[in-house]
Amino acid sequence: MGSRVEILNDGGYRSDGRRQFELRDIAIDLSRHGQADGSAMYTQGLTEVLVTVFGPREAKLRSQTIHNRANINVEVNIAAFSTGERRKRSRGDKRILELGAAIKSTFEPVIQTHLYPRSQIDIFVQVLQQDGGLLSAAINATTLALITAGIPLFDYVCAVSSGVHSTHAMLDLTTLEENDVPHLTVAVMPRTGKITLVTLETRLHSDRFEEVFRIACEAGKVLHEEMRNAIKARTSALARAMGEGHPAGAPSNREGDEDFEMGDD
Amino acid sequence: MEVDDTDGGETSLRSKITSPGESLTSSQAFMRGHGTYVEDDEVIASVAGTVERVNKLITVRPLQTRYNPEVGDLVVGRITEVAARRWKVDANSRQDAVLMLSSVNLPGGVQRRKLESDELQMRTFFEEGDLLVAEVQAFFADGAMSLHTRSLKYGKLRNGQLVTVPPILILRLKSHFYSLPCGVDLILGLNGYIWVSKHVKDNEQEGEEGFDAEAVYSNQNDEIDDATRAAVARVSNVIRVLAAHFVPLNDTVLVEAYEWVVEQEYTVKDLLLREDVADALVSAVATARPDL
Amino acid sequence: MTSTTTLPGEIVPAQHPNLKLGPGLLQSISGTSDSATIVSTRAGELQHSANRSKWWIESNARRYVPAAQESVIGQISGRAGEGYRVDIGGAHNASLDGLAFEGATKRNRPNLKVNSLVYARVSLAHKDMEPELECFDAQTRKAEGFGELKGGFVVKCSLGMSRRLLDPNHFLLPLLGSRFPLECAVGMNGRIWVDTKSAQNTIIVARCIEAADPDGGGLDEADVNKLLNGIQS
Amino acid sequence: MRPPSPSIPEREFALSALQQSMRIDGRTLLEIRPINLTFGPALGCVECELGKTRVLAFIDSKMIKPPEERPLEGIISIHSEISPMASSAYETGRPSDEEVAITRMLEKVLRRSDAVDRESLCIVAGQRVWHLRLTLHFLADAGNMLDCACLAAVAALRHFRRPEVEVVGEDVITYDPSERPPIPLAMHHTPYVLTFALFPFASTPAPQQTKLSSTHVPTPQLANSSITAVLDPSPLEASLLPSSSPSLLSLALTPQRELCVVNKAGGVPVSPEEFLWLVKVAEERVREVEACLEGGLLKAKAEAEGIGSL
């Protein structure tokens, strides 16, 4: 692209004022969304994704039932107003299908599908705003939505994008940066530190790749903390509301009103 | 996140919140229950929720999840499909429940054998979209539950409306049928489906012969006066508000909440439209909560 | 016993008062004369029995067309009421009654998982009906070697190859048997189930069957021997 | 029709063989099936065989007016559709997940990674550019069509020659191949795709490994690996794990150790060390593929010259 914005200036700041390894602000809202069994609104900088999860429930089509485990169905929709240039993508768009397939195959080994034979789990991903890191935001939001739906997972899946500007690695790129530097997305399962997803679409020497890849793996674990705090806050708020969470050991900060809309953290 | 056996004590374990991937304890000393899995000699949580321990069994109870049926549970469901000698019923579980033709009371005597003619007129008993109350009878090999309505208390639902809440808010109690003083009947299905309806007098319900097929499988609502309609709507909205604030439900809580709303002279609509009213209602019933 | 290569549409000089036609031959009724002519419908070797009463065309194909009394290897694709649906590589799934096993009763039926393998016999093959299978001899109600196949591996080959393997004079199975012990079930639907003591030997069998398949490598005895020596050394 | 999943005995056997580092077709775990490239008769027409998997790639070119937003670049378009001819698992109509994956990967490897210098395809800025049309025909699917298709496409790009043109004033003169020899495409780099299937268990080499395969290539070793990786998976190997999408890792890389595309979309989780090891293995193996292509191109060139001199 022709943009001649300075990606990283001499002071070590990026175009939006961040440092090399600084992540954008993350906001997580886990409040109930309509009839969905679980949902998560995930905002990272200007990228915003809403994921709702239904299920496990009866499969709509008999042909989709699998006799010994649950079938996972992912539908992705990218809002026409989510980018600078207003563009309506059809549901058959290959990029959207690929995004859905990537989310499906990322979560297939993570969800304990064998507990729900012949059932179906529907994951609906609605992209509201995109400013880089779309895949990683969608994966993080899906993890959170699945957890709020009470669906058993082996672990969190925490994804983050990273790139390299000449020799400097950077984390969590914006669209502007994605257009200019080679970048990759890595999804980590924090308990074991294993990687479920790696995508790279731009040319990068394998020595550089190794460096950026390792940084992204570490960043995934940081993200895990954020996600876990949001889940724990939500869970303990609900537990408190049910009258279960009497302060024991852990300091309780019981406020007067029980508002479960957790905004920014 | 170690579950410490020595200083532990039931309370600290009970209130412990965990989330997927967190190691709870060693699998040598403890047994894994629901919401956990074992890897490398460790019991690890697979859901977010409260850790519970019964003797050596560690379970994690998710706070928001689909209904997990047990035999003997009372559920409210909706017919989704009429199939060969059976109905499929949506009961908020991981698969549709099955109601066998042989598990319902048929007209002309409770104990009679089912005939081929019954198979042909299954839709006259239940058809797609009908709501019913039933009991979980057994499970099939694939985990789907089988229901029965072989009791006068069970069967098709009329004269009211359905409210859905998270199943965890419905506690297992002696009875799930309540008649509130305001002339409203409640059926608290353990699957989180609640049926709120006009009160039916006991003798009417039972009928003369003990079983009146026409009444049981009727699709016609009785005459409902305005006051009862308002009461049904008020109870429904009270349930919605309490469920939105994750308050466990039983008859005492609901009676208290209902009376509070009447006392404060709020309209039925206020409950859903005004957040201050909703918050005030929740604090008002806090004292009447069921013991857990 | 003679054999000539025949192409579809050729008239076959099959004449016998008690003529029986096998696969690949069709009796065509010509308008005027009473005597029917026999026309071939496949490309292959024309063959007939010693007394020239039975004629057929020996050809090779990959798609199985079920014929009654043939032994096949099927994969359970699902349950259907009291029985199973079985994929035998034909145009349609076959059905296998849960009672068509040795010792099966209403109370005590075998419990086969989806995707398990059975060695079965085609009991009914009709162009307008689904083929039916049985895992026992209907008269004696004995298994006769049929039933679920546990362990081992399945090699897919051409239909001609599976017919050859059933010929006791064919070299391959005795040759392999002379090297190491093996267990084998040949399905006429181009599936051969083999089991040996070690994974390596099973792989050797699989590769040899593929190599000897007339539709693949088409190696003869000497070449297979050479291949075996190469692999095993 | 959903392709039938392998039977229980087949699955168990194949998995236990893999645990002993054996594959059904006799290859070692990190061995690619034999590659056979057939060039011609036209320039830019290549048939690639990878074992029994076959893909035909064909390139033709024409001159067009460039779109306004990119007046200085030529256009490359890729056309591929997996027809039921390749395997009965494919249907015409709605593309399957696999087909989407292959098309997207081709797009990324050939277009997004800038393999071809698009600016060199410009004849007159804003007026005339070359439009290269790459068509892929999937002839037979015996597993790992992606690697085969990418190799066919890359080979076709390398084999292709466009006519020499000259700009005289306003006119563009196109020379017949007999007048001036046609020109090969300017390529920034030559990416090759290697696909691994991953399994969540460690494999122990059999103590006395008999030689099931003829070739033996040294590979980097990784201690304490808890996964088994299989290069160039067969359809059976790709369908062994109980999930609807196989657990694959596709790497597009150049012999100069540059990664162009990495695609591991879910599947079996691997540790960072295991992942980097797989990249190293691919760097090693890509040289074999490169040698195959370069050898084939040389032979094709020699043959073409042989014919030309007659």
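By letter and in written order, the chains are A, B, C and D; residue numbering begins at 1 in each of them.
Methods note: a residue touches a chain if its C-beta (ideal position, glycine included) is under 8 Å from a C-beta of that chain, and two chains touch if they have at least 3 such contacts.
Computed from a predicted model, the values in this text were never measured in an experiment.
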Task: Remotest chain, chain A as reference, centres from CA atoms - done: C
Task: Chain occupying the most central position, where position means C-alpha average - done: A
Task: Inter-centroid spacing, chain D versus chain B (mean Cα positions, whole Å) - done: 56
Task: CA centroid of chain A to CA centroid of chain D, Å - done: 31
Open item on the list: Taking the mean of the C-alpha atoms as each chain's centre, how many Å separate chain A from chain C?
Closed with: 53
Task: Per-residue multi-chain contacts in chain B, two or more chains - done: none
Task: Touching two or more other chains - residue numbers and ranges from chain D - done: none
Open item on the list: Give the residues of chain A touching no fewer than two other chains, as numbers and ranges.
Closed with: 67-68, 189
Task: Residues on chain B engaged by chain A in the complex (per definition of touch) - done: 11-12, 14-15, 17, 19-23, 35, 37, 44, 46-50, 62-66, 80, 88, 90, 93-96, 142-144, 164, 168-169, 244-248, 279, 282, 289, 292
Open item on the list: Residue numbers of chain D touching chain A in their complex, please.
Closed with: 2, 94-95, 97, 100-101, 103-104, 107-108, 112-114, 189, 242-245, 247, 249, 253, 257-272, 275-276, 279, 283
Task: Interfacial residue positions of chain D with respect to chain C in the complex - done: 4-14, 16-17, 20, 22-26, 206, 210-212
Open item on the list: Applying the document's contact rule, which stretches of chain A touch chain B when the two form their complex?
Closed with: 32, 35, 37-38, 55-58, 67, 70, 112, 116-119, 147-156, 189-191, 228, 231-232, 234-236, 238-239, 241-246, 248-250, 257-258, 260
Open item on the list: Which stretch or stretches of chain A touch chain D in the complex?
Closed with: 63, 66, 68-69, 71-72, 92, 94-95, 97-98, 101-109, 184, 189, 192-207, 209-210, 213-214, 217
